[in-house]
Amino acid sequence: MRQNLLRADNKLLNYPIREVVTIGKQLEKLGNFKMIWENIGDPVTAGEAVPEWIKTIVRENAITDQAFAYTDTRGYLPTRQYVLDNFSNEKVCTVDDILFFNGLGEAINKVINNLPREARILVPSPTYPSHATAEAMHAGCSFISYQLDPENNWEPDLEEIENKVKYNDHVVAILVINPNNPTGSVFKRETLESIVKIAKEHDCFLIFDEIYHSMVFDGVDNTLLHEIIDDVPGISMKGISKDVPWPGSRCGWIEVYNAEKDREFQNFIKMILLAKMLEVCSTTLPQMILPYIYEAPEFEPYLKSRIAKYQRRAEQAVTQLNQLSNVRVSMPGGVFYLVVELLDLPRSSLIAKTKSIRLFIDNLLGNNTDSANSLADKKQERANADFQFCYELMGSEGICVVPLSGFGSNLHGFRMTLLQEDDVVFSQTLDAISRGIEHYYA
Amino acid sequence: MRQNLLRADNKLLNYPIREVVTIGKQLEKLGNFKMIWENIGDPVTAGEAVPEWIKTIVRENAITDQAFAYTDTRGYLPTRQYVLDNFSNEKVCTVDDILFFNGLGEAINKVINNLPREARILVPSPTYPSHATAEAMHAGCSFISYQLDPENNWEPDLEEIENKVKYNDHVVAILVINPNNPTGSVFKRETLESIVKIAKEHDCFLIFDEIYHSMVFDGVDNTLLHEIIDDVPGISMKGISKDVPWPGSRCGWIEVYNAEKDREFQNFIKMILLAKMLEVCSTTLPQMILPYIYEAPEFEPYLKSRIAKYQRRAEQAVTQLNQLSNVRVSMPGGVFYLVVELLDLPRSSLIAKTKSIRLFIDNLLGNNTDSANSLADKKQERANADFQFCYELMGSEGICVVPLSGFGSNLHGFRMTLLQEDDVVFSQTLDAISRGIEHYYA
Amino acid sequence: MRQNLLRADNKLLNYPIREVVTIGKQLEKLGNFKMIWENIGDPVTAGEAVPEWIKTIVRENAITDQAFAYTDTRGYLPTRQYVLDNFSNEKVCTVDDILFFNGLGEAINKVINNLPREARILVPSPTYPSHATAEAMHAGCSFISYQLDPENNWEPDLEEIENKVKYNDHVVAILVINPNNPTGSVFKRETLESIVKIAKEHDCFLIFDEIYHSMVFDGVDNTLLHEIIDDVPGISMKGISKDVPWPGSRCGWIEVYNAEKDREFQNFIKMILLAKMLEVCSTTLPQMILPYIYEAPEFEPYLKSRIAKYQRRAEQAVTQLNQLSNVRVSMPGGVFYLVVELLDLPRSSLIAKTKSIRLFIDNLLGNNTDSANSLADKKQERANADFQFCYELMGSEGICVVPLSGFGSNLHGFRMTLLQEDDVVFSQTLDAISRGIEHYYA
Amino acid sequence: MRQNLLRADNKLLNYPIREVVTIGKQLEKLGNFKMIWENIGDPVTAGEAVPEWIKTIVRENAITDQAFAYTDTRGYLPTRQYVLDNFSNEKVCTVDDILFFNGLGEAINKVINNLPREARILVPSPTYPSHATAEAMHAGCSFISYQLDPENNWEPDLEEIENKVKYNDHVVAILVINPNNPTGSVFKRETLESIVKIAKEHDCFLIFDEIYHSMVFDGVDNTLLHEIIDDVPGISMKGISKDVPWPGSRCGWIEVYNAEKDREFQNFIKMILLAKMLEVCSTTLPQMILPYIYEAPEFEPYLKSRIAKYQRRAEQAVTQLNQLSNVRVSMPGGVFYLVVELLDLPRSSLIAKTKSIRLFIDNLLGNNTDSANSLADKKQERANADFQFCYELMGSEGICVVPLSGFGSNLHGFRMTLLQEDDVVFSQTLDAISRGIEHYYA
């Protein structure tokens, strides 16, 4: 090519939690076994059947011509009205403040990339990688973050947030994921109110990723941004991928709150709308069907039963894993993930299913130092300790989980899902993970 | 807000062809009439009924659980295989070189934005605004372009392309829209071969927007990029919004050709895939249904009858409009648009339907100079002459068309659609447009 | 011009303290009087005669051919050796770590502009505007700063420095001006040691502007960076414009400390050297003469007597001005500036020397609201309160001082010089300033 | 360091012609011999004595206090007036359009860096590296250039200039070096007039580096930009380093022509002035002395005799070198450089003075493939063929010249100077070069 085609910031664009899958697939082939995939948050893939009544709704509403046409750039008007009436708040939002996107990934991308390069968003750590990577690519350097505290049920470190806002002029927004991915934590109302207060005091705006807003365990209270935002400008991100669950719909939206309260913020939202306009509109069909699903009498009991299952899974996992030494887990308040922290994680190994798996992992980790042509020679950096653990767990127990450091955290551990449909398989999985941890530390 | 939130390049992000719609809607209210919308290329909105057999296919295939789940980041594998077998070419493409996006708008955005800022793409003029605006935003300055020649049936100016590539080191790719939007032209094979040759000679890659590849009139030959690309790296962009037609699906894809022929190009494609990965995947359902529609026995005759209608409409319009002085139209070879060039276009006016419409348009154009508070005082630049004509045509004849200068062209005229279902309405529309032109020049 | 030539960040490039001079010159003409210029730190312009022995040294050493030739890019080797032996420290610096520039302005520019855009330098407030503006232009947004505390003798706010470093990942360096311009403060050794400790703990480097290192009052101890830097990477900036004084020589240098202690820092210094190389070298003659001046027996007593004068001036000014209410001044430890803080500064006025001066200032401040064509209509922002005071002082008392807010401070007040040669004129100046302040607050 | 300190564009900042010197110095040590330095354009270093009358002028004018003080940001007013009266043209320039810099290097840097990143300057090839590197760093990618034609006495390729301006919207200015460094060519008036015409037609501005404006051989006519610029905006760059000669003064200036003819251009010049203001002013002393030197009765004959020598040297060298096969040289029209083109240059070698020199050069070129720790293993790219020739010439004949490809050219050859004071040494040098070339091709 006559010119360089590689952006100078290409190193910032990575997605480590997907690398694990690639490696896992190679291990499956080498060992001729079937991996148990505890890594991905897709209920459908994890075996939850899509209920017949949802399929019927889709079938019946795909009939209209309108479902095939472009819709408004902002999104299908009746659905925006439905969202306003049911998920949002007329005190801080209008029907024109709701913008539909092709999934939250696109929403995140459009929101973050339409800021000036020097305007930074403070993201949590651990975090959902799409936020962190988008923030880093936008700024042209590493993302900036505040800690979720594993000793305090993964609540945000409020002092750190306040200091990072107060002492870093670049920060224009605080990102909160609540209920939280990956930790499953549902933050206390006081915590969230304090974050709103910090934003207000320091003239920032708020971004709340609330995609899991309805995935809350029995007895847990979830506070939504629109309930507490007061007159601070803010954005709530929601979608139908998790609760319906229809991840393949790529149907998410943002609710903009208090747009009119700040001229700068208003201009920024206008940029997002213009950028969206260049891609005409988001997928029509899921938008049109959305209200029918949420209004169906079957929805509420269906969701409840799913959540009850996750809660059961979480309780079982927390109880069992907390018995291990060097392990710390907190009981989640919702969502369908569990983060298992591995304290003082050593560099160790497990017995691989086959010799070829052993050699593959050794090569990956650069352990076979006698080989002159080791792949590792070409590697600049050593894999994080918890990546190593996850490789060993895959190669030995055939279970794929995601290393915690892959979520932009400097803690070690992993995230597993609570989606498993089969009780026996879930128990076996927990046993295998426990065994893997014990042997790894031994 | 504590910091500026407005990107320095915000002025580059505009979409003038949407402004016309906003103004049209206001005129409808002021004059209490119904506009005939000849501006938008959405067959469904334009009154073409979605055939029952398509709806049935969607209905029947929305049943599977998989349709609700995430799919591969690249797209649903069987559909990628189908695309490879039916629309692409195994000689230059593999199943992994096909990437699905949420509509071509997203594909354009991801392709252009993952280039380094100084790497420029040469776009046609007139052009589809999404390409031009994405290119400008990416580069941080005006887009760069080559002319389509209205005196030569809107064929690309090959000499200009060659010179702009040869003498501008920034250019790394040539963008071709074929069959062409907005002109409806289907380029000659020799023209396209020459463009491939230029790219090869100057070590560039090619981007062909072929979204209208099957919308070709009877007797016209369309040449696809993969037929002629040889060993030049290239990207073809296609989708189902126009021929199925299912614009609301936001289902488009790119086919990457000869990725392995250039390491720089390969790295660039890898960046696109990584960026896509951050948004997980594209909408699953339309991808899964795609092969069923194209394979349906009803598809071929259905498409043929639609194209036949567009061809009839085009012939009628070309014949009638070419009789007017100061007008130049070329018979399109496909697509469902017609560009009507208005030569030596004056600043003039038409008789508005109501006085309030007159005042509104005058205000818009800054004509009422006696008014101290005229909107125009705040306007920095005067509307282009063809924007003025389109405002007058809306206010007088109630027909909305898109000014040609809104497509990044320095020619004057407008683009109208050929989608109208009703023969009588179409004839009346043509009469009204002819009348408008004649009076405007009078 | 065919393309825009105005950089998007052009608004960041300003130098407010020069605007005052332009206005002052206009006032001189309007009122037909001679301004007393207390704004500029050029001893020669302020009336200090260049001693005959310095002129003789220049005369005698301009004879060599070498004084006309290019010198090394780093600077004239014997002079670098002299600087190392006399102003620097072999423990942390070598002769190749000393780089000569055409004045500190160039050094500042080259140092700051060769950092990546996202790497920020924390600068003091108030500050010397060249640092702040260079930092802002480099980053593409406002400069970031820590406060010097007027209630604590203008010592740096250590807590703020620590927090801004700790909580803002962008910060890679802390800039200290010691002895300080504009406040005249000479920082305590403990303060400076604490700053070194902060840099060490947070893995930053240090930039000390020590151009006034020898301008320290009797009884005051000045601590140099090289005495306390330990193993932290750092840069000291010095020059001959103030102590020799030879501002017209544009002869400054940087001493790089502990370059070898950090690979990133070393690469950064290499970039500075390469950038310097493109401009070949710095002016040769002053570099060659430098050691002769410092080694002359006359130098020491000459410098002492100048400093003694500044100290006398400072004592007189502090005593007199502190008697005024609403005024806060601290006794400087060196340099030849005094910052006079004006507490709760109102918007007020003084009696202008002539009516045309009155009208000019009113116009400048946008006070003549009855005038339809007031300049102020076109002004977007109102002048800071202390700029207003300085305009009034010029127009009434004929004395030009620089508003404190022009030094990147959010405090109000002004900086005056202590350079005045004539005792009587200095007393009259102080009286006039005092009178101005009293009337302004009255 | 806590953050990356290396700019992404660091690779663009290089100065290959200085590398040769470093290597030459190492060879001197290895072979224990004295290199003849034909690489650097510093008459003083090359042995031309600075005449006594110049030294006297400096001595006598360094007496004034003003010579020690800051001067105006634009430069010392009487000298700017002198420059206007003697080197510039009141028809297109005023005294305020003349800005002094610390050498042309700084002027180039300030001019180029104050353009928006996308505004490009077309530079000649071969070129003086400071221009090309500054242009590349400013744009963030390789510099863009037009060819000087070795078959046409190094005249600019007008067709290429016109095409590169016409077909590349990024180009806002054309840079011309006349009389030319490195080729020594003095361009024809018609050529220069054509370039002005191109700029006018395409709405660009002109930058003429005219530092050698008075170094023109007997019988050759030089055309200055101000004589032909008409109403096109332009910048002439001049200085006293070559004709006085006082390279160590770092005293150059720009003359801005027709600033008022284009608002964009005017704003751009304002940015340059503001950037200059941040560094206060340029070195005062040489500015003050400048008119005295040019006005001295000795100046004219002194300059003439120097030029006569260069012309003699050029004639001798051209005659002798043109007798060699594979060599092409054109008789220069001025300056004190000669470019010797080496046609179809092979990869070859010469007999090194010592074995250690041989090993050093082999290592440099990556020839000793048996060595496991060869430096070349770490080198990514092979040295250009003419760099190889120059290394061999240094190692064998002890003569240092600069490879032509180091001047941003894709031709092979080298630049030598015509400064040598001693007739015998010059003849010996020519003989040695001739011998080197013959053996290298043998």
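Order of writing sets the chain letters: A, B, C and D. Residues in each chain are counted from 1.
Simple rule for what comes next: a contact is a pair of C-beta atoms (placed from the backbone, for glycine too) under 8 Å apart; a residue touches a chain by one contact, two chains touch by 3 or more.
None of the values given here were measured: they were computed from a predicted structure.
Chemist: Would you identify the chain whose Cα-based centre sits farthest away from the centre of chain D?
Modeler: That would be chain A.
Chemist: Just going by residue numbers, which of B-C, A-C or A-B has an interface where over half the contact pairs are the same as at C-D?
Modeler: More than half of its contact pairs match C-D, so it is A-B.
Chemist: Approximately how many whole Å separate the CA-defined centres of chain B and chain D?
Modeler: Taking the mean C-alpha position of each chain, the two centres sit 50 Å apart.
Chemist: When the C-alpha atoms of chain A and chain B are each averaged to a single point, how far apart are the two points in Å?
Modeler: Taking the average C-alpha coordinate of chain A and of chain B, the gap between them is 35 Å.
Chemist: Could you give the separation in Å between the centres of chain A and chain D, each centre being the mean of its C-alpha atoms?
Modeler: Distance between chain centres: 57 Å.
Chemist: For chain D, which residues are shared contacts with two or more other chains?
Modeler: Chain D, residues with two or more chain partners: 3-4, 8, 116-118, 141, 169-170.
Chemist: In their shared complex, at which residues does chain B touch chain D?
Modeler: 116-118, 139-142, 144, 160, 163-164, 166-170
Chemist: Which residues of chain D touch chain A in their complex?
Modeler: 3-4, 8-9, 141
Chemist: Along chain C, where are the residues that touch chain D in the complex?
Modeler: 1-8, 10, 13-15, 18, 40, 42, 44-45, 49-50, 54-55, 58-59, 62-63, 65-71, 73, 102-103, 105-106, 109, 114-119, 129-130, 133-134, 169-170, 172, 202-205, 233, 245-250, 262, 264-265, 267-268, 271, 274-275, 277-286
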